[in-house]
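Two complexes come next, and they have one chain in common, chain A, joined by chain B in the first and chain C in the second.
Showing the complex of A and B:
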């Protein structure tokens, strides 16, 4: 029930941000509309600062947050397929559901393609676990990978986001 | 509005540079788990779990050679030097086995730091099980 309510709220927020429109999302890849970039970077910075400071203040236990494990080769390949599909369709899995829910035909087509792909992968035997478990790196985080304190990574990401936001605004004004 | 949010984010980001690493709270939790003896299972508890838990994984952290000589039924071999990168599911209940229990306890810390919560080690290790009266070894 909680998951459903959060899902509906998330979908509503995506739609209100205009991310159910494939032209808006595709515009990201042609640098004509940087809404996706700004929405995603805002979400990353908000979540990162929230997790860091809530953990620092003892409100949440950092170790109780599940960190997905990294499997380098399968995730690189998955990222490439995901990116190619994103450019071709103008929608990612989440926004395709939002688009379909608002009755857009392209959203419905992407959702259909998404589940067809899932079924074909399963039927092809890719779900047997062998490929998915290649090149395991454990629950590696940026501070561990870069050997720098957590706070330094938080600062760097915030600085990068604010700089990129500024550049995006200038880019928008110039175009 | 945007300027205000950017200022809040920038302030929180700069302050993070000087804040104590929040990961130390996790170390406090580990210390409490150990003090409360929530980090290990006894042989009797393990016998019960084997009957009850479907997703129980018995992980033997000894070397491959030691494992080949003898090992507990249904145990899998993941030597100590591979524990940090071994694949586990988040809903697995993992019981770590080693000869005397010390290496299994160290592997417990590694898996806790990797974020796995249902992890335990066998108290007194395989040797303790072997020497328990009425048992015939692993």
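Showing the complex of A and C:
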């Protein structure tokens, strides 16, 4: 039940932002619409600050939140491949579901494409094996990797995001 | 239906999305996801145990479909919209390529970039940077399809 409620809120937020529209997402990669960047980094900063302060104030225990596992090489290569597919499709897995749900035929095509791709990967056994398990780093985080305090990395990400938001707004004013 | 409303301000919608992600961390002990729902279904269809499976993600994606539809309905933005054949082909092909990337990386924009990004996961940031790099690298080749 929690899963579905969180999903409803997730889909609602994506649609409100306009991220069910493939042209809006694709605009990010031609610098004609920076909504993807703005929404994504506002969300990351919001959730990051929320986790940091709730943990610092003792409201939540950081150990109770599961951190995605890192596998450096597969995630680097997988990311590059994913990005190439993303700009061709104009939607990512989550936004393709929103796009299809709002009646867009290309969203539905992305959903079918994704399913086909994943199915072929499963048939080829790509979800396991030597390459898949290369360079494991467990639940390593940037503060651990860089040997810098958690708060310092949080501050750096906020500073970077704010700088880029400012550039994005200046860019819009200039164009 | 009345004229569709304009989309929300990206910073407002982004804050909303961030609060949903935060709620997921606190209430479920985990972040959001999307590609994992596709692998869950695929694993069942062809009995491929190597693919990642998560009942939680399947329910969550069911919610995403409902939530996306409700939001669009309330704003008068639901409409059947068909695209040119070339755009449909690229949408399908791009989706399949993303599927490969997401399987190799163990996640997508939701499960790695957003969820891992806000938790400062090393893999989350590597994936995010690589995905933007891959998209910008291929963008000139598919430009005609968009502009």
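The rule is simple: the second predicted complex is superposed on the first by the 172 of 175 C-alpha atoms of A that agree within 3 Å, B and C clash if a C-alpha of one lies under 4 Å from a C-alpha of the other, contacts with A are read in each partner's own complex, and residues count from 1 in each chain.
Here is the rule we go by: a residue touches a chain if its C-beta (ideal position, glycine included) is under 8 Å from a C-beta of that chain, and two chains touch if they have at least 3 such contacts.
In this text, all values refer to a predicted model and were calculated from it rather than measured experimentally.
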**Prompt:** Which partner does A:67 reach: the first (chain B), the second (chain C), both, or neither?
**Reply:** both
**Asked** A:30 contacts which: chain B (first), chain C (second), both, neither?
**Response** second
**Request:** Classify the contacts of A:167 with the two partner chains as first (chain B alone), second (chain C alone), both, or neither.
**Result:** neither
**Prompt:** Given the touch rule stated above, what does A:148 touch, chain B (first), chain C (second), both, or neither?
**Reply:** neither
**Message:** For A:158, using the defined touch cut-off, is the partner it touches chain B, chain C, both, or neither? Pick first, second, both or neither.
**Reply:** first
**Request:** For A:139, select first, second, both or neither according to whether it touches chain B, chain C, the two together, or no partner.
**Result:** both
**Request:** Applying the touch criterion given at the start, work out whether A:96 contacts chain B, chain C, both or neither, answering first, second, both or neither.
**Result:** second
**Complete:** Larger residue footprint on chain A, choosing between chain B and chain C, goes to C
**Request:** Could you say whether A:4 touches chain B, chain C, both of them, or neither, answering first, second, both or neither?
**Result:** second
**Asked** In the superposed arrangement, does A:121 touch chain B (first), chain C (second), both or neither?
**Response** second
**Message:** Under the contact rule defined above, give the chain A residues that sit at the interface with chain B and also at the interface with chain C.
**Reply:** 45, 64-67, 69, 71, 137, 139, 150, 154, 157, 165
**Item:** chain B-facing residues of chain A, complex
**Value:** 45, 49, 52-53, 55-56, 58, 61-67, 69, 71, 133, 136-139, 149-152, 154-155, 157-159, 161-162, 165
**Prompt:** Quick one: in the complex, what on chain A touches chain C?
**Reply:** 2-18, 20, 22-24, 26-30, 32, 34-35, 38-48, 50-51, 54, 60, 64-72, 74-107, 109-123, 125-129, 131-132, 137, 139-145, 150, 153-154, 157, 165
**Message:** Could you list, by residue number, the parts of chain B that touch chain A in their complex?
**Reply:** 6, 9-10, 12-14, 16-23, 25-26, 29-30, 84-87, 90, 112-115, 117
**Request:** In the complex, go through chain C and note every residue touching chain A.
**Result:** 7-8, 10-11, 13-35, 37-39, 41-43, 45-46, 48, 50-52, 56-57, 59-72, 75, 77-83, 87-139, 142-143, 145-147
